[in-house]
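Both complexes below contain subunit A, partnered by subunit B and then by subunit C.
For the complex of A and B:
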């Protein structure tokens, strides 16, 4: 691990100033991903600004029935929070599907959004990777890409975003609150992460020195669920995951908000599927059509073509579960 | 940097570089070798300890970040019922993963006692009441054993779980000291 300096921030403005003032500075929260990257040589900052003790560790109720989650709230505390479990079961389920008990006890809400891909070539500094070293090339396209993207990828990068939590937050229309040198701004989680395009090294739309302070979850979504498909029963990243929030009108789908995980460089909002479902009679035919509509634009590689039917089936299963059908 | 820790009930002041992990500081600076270095990348759970009452991976925590922390390792748990149950049920073979398994089990029982749900809990809105084998397996999923002592580990944890009334213990309560 390269040596670096360490500072513990006492307030958000000071943390922002410290990182913004040094192009080789980074924020450190739980560190469950960053410390690993320091060991692997994927990240070599000059300065780490520790934001884990900032007073951003509260879950507060908002007037519309939603909640504001501080950026330093631990994943385990968020998953166990009564308001999350009652009003946003999809979020509790997604958090509990991620990582292990030990990691959830340390990982934070803000850090989870900023965790980086587990593409093996990104993590192995001896191999070319455009995300780690722009212009180096992509080893995954012609190599091992079982976990790679099937939607929205580019010739530069086929990496997937690894978060479960963020997939649920996209389906919940959550909004990220960030603080920068010029003040605060809000970014919908759905627009927070980027597709790779020509700049796969940029995971998010954040500017250097901008600090996540909270995530707002509007309203409530009691009829919601998360389903994760992975290669072992626990403690593995998603091959494919589905987060869905459904509103019913008798036997018809009034609204559906759907996001897919494990399929793209960002949590993938399934707008085509949502559109196909609006007003449709709830049932397998409509669910399958909606899934097909979304996945029509998929362009898998040879080693991950299985993700297309897997995503379709997982989506149909979640919609069935949420509309009272049989599994 | 100078940091202060309480490790297994004993107070320490130590000087560490920012890049030193909690795991390395425990083993190399303080000689607490019950925390094991397995994968050193957060994948095996052998380095699990209780930091301020919560089970965490010491290989992914920087020592400077945990300044002021109270750390309990398997050594400090001593004659904890979980440690005894592991012996009674032969919940280990080579024993290398055992300290991490024991700390993880103690942390996990406290989480369950607070009613925390898990990935296999049917209804996340309901409090967990009692731990079946599926719950134990899921909650211990972050600890790997290469020998495959899992069956006996589950039996050991179940025995202790059944002895405790639900919601009786708080996070930093019995066992964490």
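For the complex of A and C:
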């Protein structure tokens, strides 16, 4: 661990200015991921600007029935919030599926979006990793890649994004509000994270010094669910996960918004599956077809090929659950 | 054995005598003992798996404020003998596995030490490494003995000539697994007045001392080891490892200041031993009625090039079932990997996974209930030694368990039960674990201040020695437990053997009972203040006349998700025959702990050794999955009401390991019953059960 300076920000503008002014400065929120990285040598900032006590810890109702979640809202508080439980069950379930009780008590909404991959090579500085050190090579492709991506990966990087929360937010069409030196802007969560391409070191489209201030969840999605598939019942990252919001019209699917977790470098919006479902008669056949349409482009490695049928089955199961169907 | 102790305190569920200190944080663990102005040690580890250190540049680290020294093979104090290669630390540039100690930073704070360690630049001369165990590895060889001193091979009858009507022949594998006690391995070393004191997290203070003394070239009396409380070990703290020597070397250059060294969780994956991966070929032959005529168990496992450790994977098979034609073999490959060592029930735990799944497969092939099949093959005497058992109550355990578990209502057909999206199945497996008694302990008893001071260098690694040994002493002295003042965990106390092989309480207890007998003989029931007697553990002539083993029957219910292959275990029951239970509360805790670890072994644990680099890549608790609370539902451990009159004066046999043995097989068998899929390779992960 390298020595670093620490400042506690009192307002968002000050925090932005402090980080923007130093290319080796980083924001610190809950610290559940960054502090690990400091110890492991994955991150070596010169300056940490603590934003965890900024007045960004409120959940507010929006005029359209949606909510605005402050960036500093704790994961456990958000999961327990009555508006979230009632209007966005998919988000409450995703939050509770993440990490452990202790971690959820300190992890924040903004920090959760910015958590980095748990690829073991990324976290082990004694092994090559393009995400940590561009040009070093990818150890996962020829090594242990059980948790690696099956969609959208590149020859540079096969890491997956670890968040559960973000997967639900993508299915909810959530929008990230950020503040930079030049003012505020909004980014849909679906466009917030990026695929690795030739620059796997960049996880998101954020610019240095931009601070997440809130996430807006539009409307309401009472018919929604999150399903996380993992080896043990708690404290494990997703092998695959599914977030789905479904609207029904009699026995037909009016609309479906679907995101997959554990399968790509970002929460994966399943647009092909959504397209296939539109207007289809709700039932296992249609669900299976939709899932297969989405996964047709999957290109797994030898050690994670199981994720393709696993993601398909999980998606079918979630849709079945949301439409009251039977297998 | 004559003269079983009359139980009064024994058999009562006394709460832990150290419980209050532990929950209030006042019980000191190794790293927490007070020390004045300590230096903190951060180890440097090799980043190659084979070769040598060409060059170390420590200048940047040494120049850092707060750094006291950087130790390397070039400047470390010399050790006395290389006869213990695992402990030959910083004496040569040679590297035999990735993660091997190649140096250490001593600094004023742990943070500075860690930072400085990152500034040390090392150049290697790297050689090609060989870290992957394979069935056809060209370097496989037969070890002379397997742990601790069993023959590596046994043959009875003629396994090739036999012509069984039904044969099950399969390969079963278990992965590399790591001990992860809650308290990491930690040691504080202090040189003072020519004496080296180690406050260490160890399963045996005297064992630690006797192993490190020759390496350091010291007479044992110049070393003191102290360990009043230990946060678990599972075998990994059963002896010294390289970091203990590193701490001693660091203390030598610390100018009289104490040094503190706590391994990080990641470092433990290279430095404190692990359970070898195994490849096990099992062949069972029987007639159609299920009577076994052939049992073979051929095991392949790994060791390090540094030091041989041969795990006794097939020894349980030698005792378990009767058959006229039997063979067990062990083969090792010495790879460029860390040194394997004990992990809860080394040998029996992975070995009985293979044989108890094979038995389930045989029962299926014969169309028999697996409990019936087992009962039909109960041996009259121990097949390994020809000796009668001091008590073999396996059939009773199976019967009792079947009744409580509701085995009779089971439809034996696979995939016959379903609850919504979950396939439900049940399974059974047997377990055996030898009753080990370690000779050599001594105990002293002194009357002081109206109480009895009972002194023995025993260990409490979380098992409850402080409490259970006090109960034994109270019964031996025929006094209330509150009149016993136990002292353990210090080499200044009389010699005690290791807390390992489920041998601790039995061995120390027999010793304390003997000391109490002497004390009463000398001083009667009304001793004077200061009266003192001591005794060594007496010989037990029955040890040559009887085969002494604990037995158990494990029952498991599993649910397998029909869409995703996820496995959950809502219910486990273990019924054990382990002689007298000294403290039911503590014994239950150990047994359900063992069963939980067996569940963890069945479904989760797997150290992934990366062939590219040669180290365990999933070396933390987020990645190395151990069963968490949510995975452990209704686990029940019960035992037969019995005492073993041949084992020791308490009639006990030890419960540390019998809980884990067999439980992974019960879960695997239940998974087969639920799904129809036979998983022969641990861990049983969802991908192996995923519908296509």
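Rule of thumb we're sticking to: the second predicted complex is superposed on the first by the 326 of 327 C-alpha atoms of A that agree within 3 Å, B and C clash if a C-alpha of one lies under 4 Å from a C-alpha of the other, contacts with A are read in each partner's own complex, and residues count from 1 in each chain.
The rule is simple: a residue touches a chain if its C-beta (ideal position, glycine included) is under 8 Å from a C-beta of that chain, and two chains touch if they have at least 3 such contacts.
The shown structure was predicted, so the numbers you read here are calculated from the model rather than taken from an experiment.
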Is A:25 in contact with subunit B, with subunit C, with both, or with neither (first, second, both, neither)?
neither
If we overlay the two complexes on their shared chain A, which of subunit B and subunit C does A:97 touch? Say first, second, both or neither.
first
Quick one: classify A:3 as touching subunit B (first), subunit C (second), both or neither.
both
Subunit B versus subunit C as contact partner of A:235, first or second or both or neither
both
I'd like to check the shared interface: which positions of subunit A are touched by both subunit B and subunit C across the two complexes?
1-3, 39, 100, 233-235
Please name which positions on subunit A make contact with subunit C in the complex.
1-3, 39, 41, 100, 118, 120-121, 124, 126-127, 139, 142-144, 229-237, 239, 306, 309-310, 313-314, 316-317, 327
Contacting residues of subunit A [partner subunit B, same complex]
1-6, 8, 28, 31-32, 35-36, 38-40, 48, 50, 52, 76, 79-80, 85-86, 89, 92-93, 96-97, 99-103, 105-106, 233-235
Sites on subunit C touched by subunit A in the complex
47, 111, 114-115, 118, 421, 562-566, 568, 603-604, 608, 610-613, 615, 617-619, 622-623, 625, 627-631, 683, 685-687, 690-692
Give the list of subunit B residues in touch with subunit A in this complex.
1, 17-19, 21, 40-42, 45, 48, 54-57, 60-62, 64-65, 67, 104, 107-108, 111, 114-119, 121, 124-125, 137-139, 141-143
